[in-house]
Amino acid sequence: MNEPTQPIIKLGVPKGSLEAATINLFERAGWKIRQHSRNYFPDINDPEIAASLCRAQEIGGYVAAGVLDAGITGLDWLCERGHDCQVERVADIVYSKSSNRSCRWVLAVAGDSSYQKSRDLQGKRIATELEDLTRRYFAGQGVDVDVFYSWGATEAKVVEGLADGIVEVTETGSTIRAHGLRVIAEVMVSFPVLIANKKAWQDMRKRTKIEQLNLLLQGALRAENLVALKMNAPTAQLDAILQMLPSLNSPTVAPLRDAQWLSVETVVQSAAVRDLIPLLRNAGAQGIIEYALNKVV
Amino acid sequence: MNEPTQPIIKLGVPKGSLEAATINLFERAGWKIRQHSRNYFPDINDPEIAASLCRAQEIGGYVAAGVLDAGITGLDWLCERGHDCQVERVADIVYSKSSNRSCRWVLAVAGDSSYQKSRDLQGKRIATELEDLTRRYFAGQGVDVDVFYSWGATEAKVVEGLADGIVEVTETGSTIRAHGLRVIAEVMVSFPVLIANKKAWQDMRKRTKIEQLNLLLQGALRAENLVALKMNAPTAQLDAILQMLPSLNSPTVAPLRDAQWLSVETVVQSAAVRDLIPLLRNAGAQGIIEYALNKVV
Amino acid sequence: MNEPTQPIIKLGVPKGSLEAATINLFERAGWKIRQHSRNYFPDINDPEIAASLCRAQEIGGYVAAGVLDAGITGLDWLCERGHDCQVERVADIVYSKSSNRSCRWVLAVAGDSSYQKSRDLQGKRIATELEDLTRRYFAGQGVDVDVFYSWGATEAKVVEGLADGIVEVTETGSTIRAHGLRVIAEVMVSFPVLIANKKAWQDMRKRTKIEQLNLLLQGALRAENLVALKMNAPTAQLDAILQMLPSLNSPTVAPLRDAQWLSVETVVQSAAVRDLIPLLRNAGAQGIIEYALNKVV
Amino acid sequence: MNEPTQPIIKLGVPKGSLEAATINLFERAGWKIRQHSRNYFPDINDPEIAASLCRAQEIGGYVAAGVLDAGITGLDWLCERGHDCQVERVADIVYSKSSNRSCRWVLAVAGDSSYQKSRDLQGKRIATELEDLTRRYFAGQGVDVDVFYSWGATEAKVVEGLADGIVEVTETGSTIRAHGLRVIAEVMVSFPVLIANKKAWQDMRKRTKIEQLNLLLQGALRAENLVALKMNAPTAQLDAILQMLPSLNSPTVAPLRDAQWLSVETVVQSAAVRDLIPLLRNAGAQGIIEYALNKVV
Amino acid sequence: MNEPTQPIIKLGVPKGSLEAATINLFERAGWKIRQHSRNYFPDINDPEIAASLCRAQEIGGYVAAGVLDAGITGLDWLCERGHDCQVERVADIVYSKSSNRSCRWVLAVAGDSSYQKSRDLQGKRIATELEDLTRRYFAGQGVDVDVFYSWGATEAKVVEGLADGIVEVTETGSTIRAHGLRVIAEVMVSFPVLIANKKAWQDMRKRTKIEQLNLLLQGALRAENLVALKMNAPTAQLDAILQMLPSLNSPTVAPLRDAQWLSVETVVQSAAVRDLIPLLRNAGAQGIIEYALNKVV
Amino acid sequence: MNEPTQPIIKLGVPKGSLEAATINLFERAGWKIRQHSRNYFPDINDPEIAASLCRAQEIGGYVAAGVLDAGITGLDWLCERGHDCQVERVADIVYSKSSNRSCRWVLAVAGDSSYQKSRDLQGKRIATELEDLTRRYFAGQGVDVDVFYSWGATEAKVVEGLADGIVEVTETGSTIRAHGLRVIAEVMVSFPVLIANKKAWQDMRKRTKIEQLNLLLQGALRAENLVALKMNAPTAQLDAILQMLPSLNSPTVAPLRDAQWLSVETVVQSAAVRDLIPLLRNAGAQGIIEYALNKVV
């Protein structure tokens, strides 16, 4: 009864910490992914895509091997597992579990220790989930350390005396500080990337599909930090008002039936609105409303 | 202190699997329903309605008996309990727990069994929650089976060897396939329906209220799969762009202060946007934004 | 690596029952507050504010003492702890956990008791979380009662025979009725208030920041019960249609390319829409859509 | 690798409200049942039994039809579905979800209604999960009522005005009273029963297995309300002490090395201990200890 | 149908943090308390007791006022609310949420602050849930401080800079240390106490019931840290073995049929067993088993 | 105030899937471990031990490096990380999350595939959490495969077409079968092991402590599958009854005051009781009781 079209691409979608944010981003981009408890293949409302939910750590390997045509994974794990040079890195898609910032892998030590830079850890124990990148980092610094793989709760390793330093991921540094640790170096900046298998990328039909995916995901991602602002501006004040608006997209100005007024509509950073609105009101704008956007292309 | 107006209609709202989706649909339609843990009567912000949360299975009976004036229930249970001809079926309201598709009651058997059609189950055991409809279905086919009422987990009945076939509800068939079962016939298509007591339907005051409910629920339902798309179009390209837009609602075209450009706004299926946006950009549209809608009437 | 600007104000944000609603309101107003499980200071995306999550009951005291510059707390606890005259009450911000109504502290008794007014409780036991206000209330009425502090589940105290009456908070009265109690008097109306330390309020830099906060919070609050309604109106019907629209904000009327039609857009109470839409359609409006708003200033 | 012996009996174990209590009872009786999330057949550490977890409501039908050889189900559902005369009722196993008491199906009405006996409900609406037994009960009383099937939350039906009376199950009556209802008649007493298929019961190998099950389940059930009490008794006080002990099992009296003392050990109702211990101490018993029992046969 | 005997005492049982431990202790003592979600009065399987679940903070007041005859509450709240001299303190019942140790209210400050004793906090801010005791404590020390009531999360107050010191409860001090705080003084030792209304205590019938409760609760409490140890001892080694056993209760020595061996049984601290067992084995004891006890009187 | 004795050993306790079972086993062995939410070091009621909760995967490395003196970890991870030859393997402690069986790592393939033995997977993709052991296993078989690290949900990898075979852990094989997979080879048997750092093992004070730990853990582990059975036996039937009892420990036979009877007490496998009890009753035993044991040494 269900005779699905043959999909064009097999796509790896990251399961776990990025899962909810990814499904949400896809939804705003125009694709609904639904996971079933007893079913292995999530539904996606596009017959041209066969989606597969895997851990971000696994996607690079499967894309490199051609088991998947494309996927979204973290740059950190892509490099850690050595897949960065084995796949086509199509685009950076900078979002995260709860904000849309990049994250950083940093070297942190006990707040009250005397370590000030990587070199001070010569001969010491480092706990991390990124064993390989950590080894490469210290080798690059000419520092010899013992790296211990850490299965989570890495910050606690220093406090418990199991390690002298850790290499751990953070967005704002606040969890690291909350454990009484101090960051002394940045090891790597990471964010999700859209990758493709090298052969799939040469296949024009697959590539077009992957590019469509990229265009819409970027449009949805952009919309997340933007809002639409709409107001009625006195014709005489238009220039003053237009000057206040950030030049992100040029504002749309339309005549109203009452020629004394114009309608001005624009898209701005949501964080800028709180400073903009008092200014606009002072300049004579009225009926200012703000509404949310799904996509901005 | 709270002296409520006398309500015009008593309305049954389905509790259980449809509950969250129903309350959500009502909210977008303009009615907020709030359930209290220790209270029997949910609040609804309309003094003309007294809402009652009941199981979908029960609502048909209470509407038929006039205990409720109107209600939303599933067509399946309405028929199973024999209330379909005892009430006025006002309108179909096609939504579901997680999508807005109809569901189907299907006859399924073990994937590796030899059964290919209903007739092959002659003399066999069928487990189902819809005992009556199942009996009527097989009788209509001239097939004699033993029907066992199933209190949930019906798919497992075949795998456990308790039944030879099941009649079970499904949206996409994926849960059935995930249990290793195979669908061999469709027994019934079902979806929520708005029903009214026959007497209440003849009372113009009640009928007007029920029709208002229907209009707004349909408007909210429609909006769920639609989005607004807004863009600036070069005047010269307007016709090309208008031709791309689906003819659902005719697009609104407004002049801008800069006569080279026009503002185009339209409402489209959200699933069509991912194919539309690349085309619109190629045709010269700029500043394309998409935003969500509460209602489309 | 993170070198935060020196914040202008220290702000108390209520933790507990109002927490989710407050964080949500701030987000719509333009400030994202993120709480970390192991961290004491919530992130707020404004370097000019240092936020502190405290119980509403505590904020008044810390603002009065100048430990915090400003905060949002409930009027009830502000008065109960005697801080109402020790701080500057900047503005009422009328929202609540689940609706945006004020709440009332009421005197309630067993539904089947004979008590009809405060005076009937002379010499009786009253359980409440607001010990002081309750004592002041009864003293003001010249009634002598024994006040027992109640650590939650106050309604149950009457049913269990531990108290003869209670002074308890309620929005709709339905929880009180669900316990079989009857309200016989209103003791106090309460809602969140934005307060400032008296010295901080005299400091113009701090005051400007607090006023910006107030302006945007009010704008977000207002938007919650409003929606935008947009439609195409036949030019000939414009006046009829404009008359139907509530005069909240004057509607924006813009010409369309097709001179037979005008575009009409307005902001209305979301609860009014269900009655408005049938009227607008009858008057000839077409393509009516409703969408949500983040802010209305 | 796992080559299980052919089981002697297929056994239905009730899923749902009795499930945890049943698995617990089986464990104390000597059988560990482990349910796997993705697996249909629970593990049971006895190769002679194949266990099947079904709803209590379904087990009677499957045992009657010979799909299962034996099972544990409630007497209420056995009768409701008409299977009581189609199976062999091996033994009553009186336990429940949280106590080990029987439960009762009672007729309850609004506390403030005027109904005093079944007859007063002539022509009224009765909501219940036991449609058939309720119809038979009222027919037996010569009373004509409309029976509505209730999918749970039956007590609320009266409060909401959907029904005039309910037939509902209760252990202590407290939930019924907590909804403001009043019990006016007892319709049926129910408890779990061990049933067997009639043919299986004639097969001696199956019957022996079912009887072993019954012996051990009863032993475990008995132990639940019993404890062992052990003490040193002065030889001179032995008779006095023995007289105090309930004659459930005759106490075991053993000599000690110190001939002035005897060791006395007995099994008593756990609820009797609180009254017994003060008496035993007064009679000179020393070193009284109480310990729990798994089985008493 | 349920005609309960008139209870002899009304008993307050603490709800909240001690609730589960209390219900568990009562169960081992011989009373089963069952709480119903919609019911105010918990069931207790003793018709002579009417139980009432209240917050520990409230019980003292209700017992003092005679609303309850007896209750279990914490010594801390009894004193804080000033009820310690208004009730009869029957016995200390030293158990807690997770161990059976007393807890301590301590004065703690930031780990890296310079405060070393109470006096150093002169003029500072102290946050606590025990406002009154804290004021009395500092007054007793002749130190003037500002006491702020803290609604939970008190440790965080110091870290957030809202307070200079806290008075907070702790069992092991580990939560306080985990927040980076340092204990500088002990303000009070607390544990649950069984209290009685002064009049009720003079009523012999009530007093006897309260004393029975006390005897059995103490027996159950004692059993929690004790286990029974049973072994076969070579007759020749008996004295050596008896000397090893702690003299808590004198061990029970019984002859066996094989005169070379004696049976030795004793009750010991469970924490002592790990050191005892290697010694007993070296001394020739065989078949050593340990089992748990419900009560030791 | 808390001045802990210097601990003799630092002990790694496995966190995660074995955590609850381990803490439970330690408790029955005589050590209470309590974890605090904000604290890194779990409390253990033995001043001679400092416990550290780590993932089983990490413990081997820390014991090998001497950061910990001893620990409990799985044999599988000990070998996978290459630590098996770097530590002293003190004893096997065969328990698991839910039973006390060893687990096995097996090679499994799709149930309907044609693979029958390891060799059939030449050139195929194998997903596993034990990358290294899997590589060594296939190398030992002379089979060349691509090993992909799997972050959980390994069974799904075959069903999703991401891998041709998996090496996965299982106790009963039922989860593997439930995913439609078939086991074709056993790669490794695993269970928890108590390990010690090689230097620590040469330190007699540490070694004695580790051996005490081992003795008591084994005693508690043994007790889990055993129960005590106690009965009165007619003197004349003693030999018949003794012959029925498994010769695990020789039964304790004691005289009773009534010379016709003897008291018989023994320790037996709990799973044997269901077959033993009917036999004992037939042989004349009376007052048979079964009770649970904490330890059997």
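The letters A, B, C, D, E and F name the chains in turn, as written, and every chain counts its residues from 1.
Keep in mind that, in the parts below, a contact is a pair of C-beta atoms (placed from the backbone, for glycine too) under 8 Å apart; a residue touches a chain by one contact, two chains touch by 3 or more.
Source: prediction; values computed, not measured.
Steps from chain A to chain E, minimised over paths through touching chains, total 2. Annotation of chain B and chain F: jointly contacted by A, D, touch as defined at the top.
Most remote chain with respect to chain C, judged by CA-atom centres, is F. Least-squares overlay of CA atoms from chain E onto chain F yields a rotation of 120° to the nearest 5. Inter-chain centre distance (chain A to chain B, centres taken as mean C-alpha positions): 35 Å.
A separation of 42 Å divides the Cα centre of chain B from that of chain D.
Chain C and chain D have CA centres that are 51 Å apart. Averaging C-alpha coordinates per chain places the centre of chain B 56 Å away from that of chain E. Contacts with at least two other chains are made by residues 38, 40-41, 254-255, 291-292 of chain F.
Under the contact rule defined at the top, the touching pairs of chains are A-B, A-C, A-F, B-C, B-D, C-E, D-E, D-F, E-F. Residue ranges on chain F touching chain D, taken from their complex, read 98-99, 172-175, 177-179, 183, 186, 227, 232, 254-258, 263, 270-271, 273-275, 277-278, 281, 287-292. Touching chain A in their complex are the following residues of chain F: 15-16, 40-41, 52, 54-55, 57-58, 61-62, 65, 67-68, 81, 125, 146, 148-153, 156, 159-162. Of all residues in chain C, only 1-2, 29-32, 34, 36, 38-41, 43, 45-46, 212, 215-216, 219, 223, 228, 249-250, 252-255, 262, 267, 291-297 touch chain A in the complex they form.
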